[in-house]
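To keep things clear, I will list the structure first and then write my remarks on it.
The first chain written gets the first letter, and so on, giving A, B, C and D; residue counts start at 1 in each chain.
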Amino acid sequence: KGELLFIAGPCLIENRAMAVEIAGELRRISRQEGAKFIFKGSYRKANRSSGGSFTGIGDREALEILADIRESYGMPVLTDVHESAEVALAARYVDVLQIPAFLSRQTELLVAAGESGKAVNIKKGQFMAPEDMAFAAAKVAGTGNSRIMLTERGSSFGYHNLVVDFRAFPKMASTGYPVLYDATHSLQLPASGNGVSGGEREFMMPLARAAVAAGVDGLFFEVHPSPEHAHSDAATQVRLDQFASVVKELMQLCRCMQSIHSL
Amino acid sequence: KGELLFIAGPCLIENRAMAVEIAGELRRISRQEGAKFIFKGSYRKANRSSGGSFTGIGDREALEILADIRESYGMPVLTDVHESAEVALAARYVDVLQIPAFLSRQTELLVAAGESGKAVNIKKGQFMAPEDMAFAAAKVAGTGNSRIMLTERGSSFGYHNLVVDFRAFPKMASTGYPVLYDATHSLQLPASGNGVSGGEREFMMPLARAAVAAGVDGLFFEVHPSPEHAHSDAATQVRLDQFASVVKELMQLCRCMQSIHSL
Amino acid sequence: KGELLFIAGPCLIENRAMAVEIAGELRRISRQEGAKFIFKGSYRKANRSSGGSFTGIGDREALEILADIRESYGMPVLTDVHESAEVALAARYVDVLQIPAFLSRQTELLVAAGESGKAVNIKKGQFMAPEDMAFAAAKVAGTGNSRIMLTERGSSFGYHNLVVDFRAFPKMASTGYPVLYDATHSLQLPASGNGVSGGEREFMMPLARAAVAAGVDGLFFEVHPSPEHAHSDAATQVRLDQFASVVKELMQLCRCMQSIHSL
Amino acid sequence: KGELLFIAGPCLIENRAMAVEIAGELRRISRQEGAKFIFKGSYRKANRSSGGSFTGIGDREALEILADIRESYGMPVLTDVHESAEVALAARYVDVLQIPAFLSRQTELLVAAGESGKAVNIKKGQFMAPEDMAFAAAKVAGTGNSRIMLTERGSSFGYHNLVVDFRAFPKMASTGYPVLYDATHSLQLPASGNGVSGGEREFMMPLARAAVAAGVDGLFFEVHPSPEHAHSDAATQVRLDQFASVVKELMQLCRCMQSIHSL
């Protein structure tokens, strides 16, 4: 096991200033803690619970902000794609294409992402058993692209609730691909009122620590300068000025785990 | 409450001969039982568990078969769409566009389907609470298109299993849109072995009867001349030569229910 | 398939007057609709969510009320037992001993109930797969007592929610024992606030109709003259003066089903 | 947060020699690793899936073995009770009475255990939300006994499967009582074939590490000299000669967590 990878950034690229503010802080944390970072930002939200929600500032403008962050801050950037037709455009700007959990069975999207040659992060569907992620990964790998990551973000558990099954980490790791834990989306309470997803931020640290101890290769966090004003996922994004201490603690725990296992 | 609507046809348009054979039998049953039918057939499977599965004979060829059935047999036809770019083409050939369950949160697809002016059948996501279908329907209705149907096909229940929550029928009916029960897909055991979904056909009749008694407006069945040779969903499709008795019994039960409630 | 059996009565024997009022109305309905009835009443509540709840008027007093109803109204009576030491006493007063769902794996209780020689109604544990009820039944049958009934009252579905899996009816029927549907407890929302279980009474009729159509042998209802004043299960008990129409409709539906299947 | 508590021992006291062998090894590990231990052993199995399974060597004989271990090895001992009538006897021999998960709503059992004055370990029902354990604990605390521990052993997740929801640890900790993780029973696959529960031992270490990182106060393990020959729970008990390394690693991780949090 090597180091922890962090995928972090805002749920949605709301504007250039906020994206740049976050990227600057992530680079600072990355250097201070010796952690690898990928900057994430959605350029469009395609699956909001409710049709009236904010969905973005425009695809090209958001993608150009991502490309600028990549160049200015020296961090790889990631965005998510929702239909195969989006892949070609997005792939021009980013290093990692992400397949949203609801879309983890869409063969054409997985194949298009694979064919782009970019790394592909597949989120496990809330309706999918962890071992079945091997089939999703195989659709990407079938294009000759083996730069694949698998991310757990919770499984359906009754209505309006998700549960993180920690057996999913070793099960998905048996594919041979890196396995990440999405520490913010997994705390969502889907569409729990008025079509807006709520969340339980208070469980973030216990579950993130547990995921590191269970052996994940990386973690995924949505961060925002002021989550209470975020256009989306306000209930679960981490406040940017608290994120350094989150990373610091998880890196310490990861080093502990390594020292225990190297004894 | 009026009559029962049946949406029926093969999982996938495998070739013209089988589609025509099924359409002929459905028309015969429709006339004999006085039941309304919509012929369904997928022109492409976009979300097979495993990448190696058969996905279709070509979009246009399959869509033309659907259009021919519509003309020759006087039945409305339905097909499912997976990405917004497919909508324009499919809408030229069919009467009803269907949104697959995994895609029931994809705003752009729902909006594109709504804007086509065609009727839209939205399957409830396996990860979605029934009351949240109101938000999916609102995305379609927001385009000015209120020709909407909602279909229950089971909710995630642990791994590799679905459960039909019968509370979903009255909950979804409270939207005011017709509610259907998908009597074959709801018996699937998702991706339960080697990436191929299994199923429990033996529970089809008890659950279909129960759905009629619970007050659904219609039922959805996949039928095939020889399910054991079907290219997809072999475990759950109904054998074509047994389908007349299925329809007959459910129509009788529906009339019973009407006579009880009119007393 | 024969006729429908109804097990009905108050959650708890709160006092003689209410028990007698209910028994009188049940006998009236029984005669009017030609339905078989078993009068049910708990003499003690052993598993309230919260310790402060009312648990009964005294065991012997409640059991004697049950025995009096049996004699005066000519109906068999049922009560539930929670520990093996209670069986001998309860068995002196009632015709049917019921094993609560949480206790459906307790071997000693099942064996003691079986050895009493009384009929035994086993509720399926919320944590148990329907096919595993065969093992619970076998514990009773192992005592030489084959007068067994199995009752579905919902399965755990996330937290604070139950789902009725209609596949459970044919699965449990394959044991050869009569299968009942508990139409009121299955609508509970367990301990959903302040340690008191809520419920969704509005779904009772759709689900009860569905269960009859799915082929159950009987139904279980808790009824109360004024549910809003009940000491327990206030959210789901049926109002006594509405129960005749419930029975009437389900009997009509049962006769419909029989006439369809005898064609 | 103090040190980790380990509750460990065989599923069932099968005979004196095996109990003594295990106790000796646990004391050795306890001294070597500086860990607190409670010896656990059931004197009777009351809820086997199937009636034909082995249920014990006799209550008094098994309880006397427990008392001897307590005296000879200087470790507190724990056993589980299933009906209130068992409490008085068991309480004479052991330090901790354990309430099985299926019985965590049985008021009389909880009250009897509380009134014994012994410490009480309540396992969370597979059907119960973690926050509702506050009601179970209150039933014990209502007797004036506040020596209570709460143990997570998994929640129902579909049929024949359990999931450990790691949010349960902080939720139950908010009661103020110590929270433990049952690292072996939580991996059971309930009654998954022929009425015998299976299990997934390969996930034990990742989940146990994760629970320590999530902040549990202790862990519960069933250990056996040769699990493949155990009379019960053969699929999940830990092999005795491998248990020292399990404890060692979890103690190291616990010390890591403490040093991180004390910085």
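As a working rule, contacts are C-beta pairs under 8 Å (C-beta built on N, C-alpha and C of every residue); 3 or more make two chains touch, one makes a residue touch a chain.
Just so it is clear, the model here is predicted, and its values are computed rather than measured.
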Comparing A-C with A-D, the busier interface by C-beta pairs is A-D
For the copies chain C and chain D, the interface residues, called same if over half of the numbers are used by both and different if under half, are same
Most remote chain w.r.t. Chain C, using mean C-alpha positions, is A
Cα superposition of chain A onto its copy chain B, rotation angle rounded to the nearest 5 degrees, comes out at 180
CA centroids of chain C and chain D: separation to the nearest Å works out as 33
Note: chain D sits from chain A at a C-alpha centroid distance in Å of 36
When centres are defined as mean Cα positions, the distance from chain A to chain C in whole Å is 48
Residue ranges of chain B touching at least 2 other chains are 155, 157, 159-160
Given the complex, residues on chain B that touch chain D span 157-161
As the complex stands, chain B meets chain C at residues 155, 157, 163-167, 169-170, 200, 202-203, 206-207, 209-215, 249, 252-253, 256-257, 260, 263
Contacts from chain C onto chain D in the complex sit at residues 45-51, 55, 82-85, 102-103, 105-111, 125-130, 132, 134-135, 138-139, 142, 155-156, 159-160, 190-191, 195
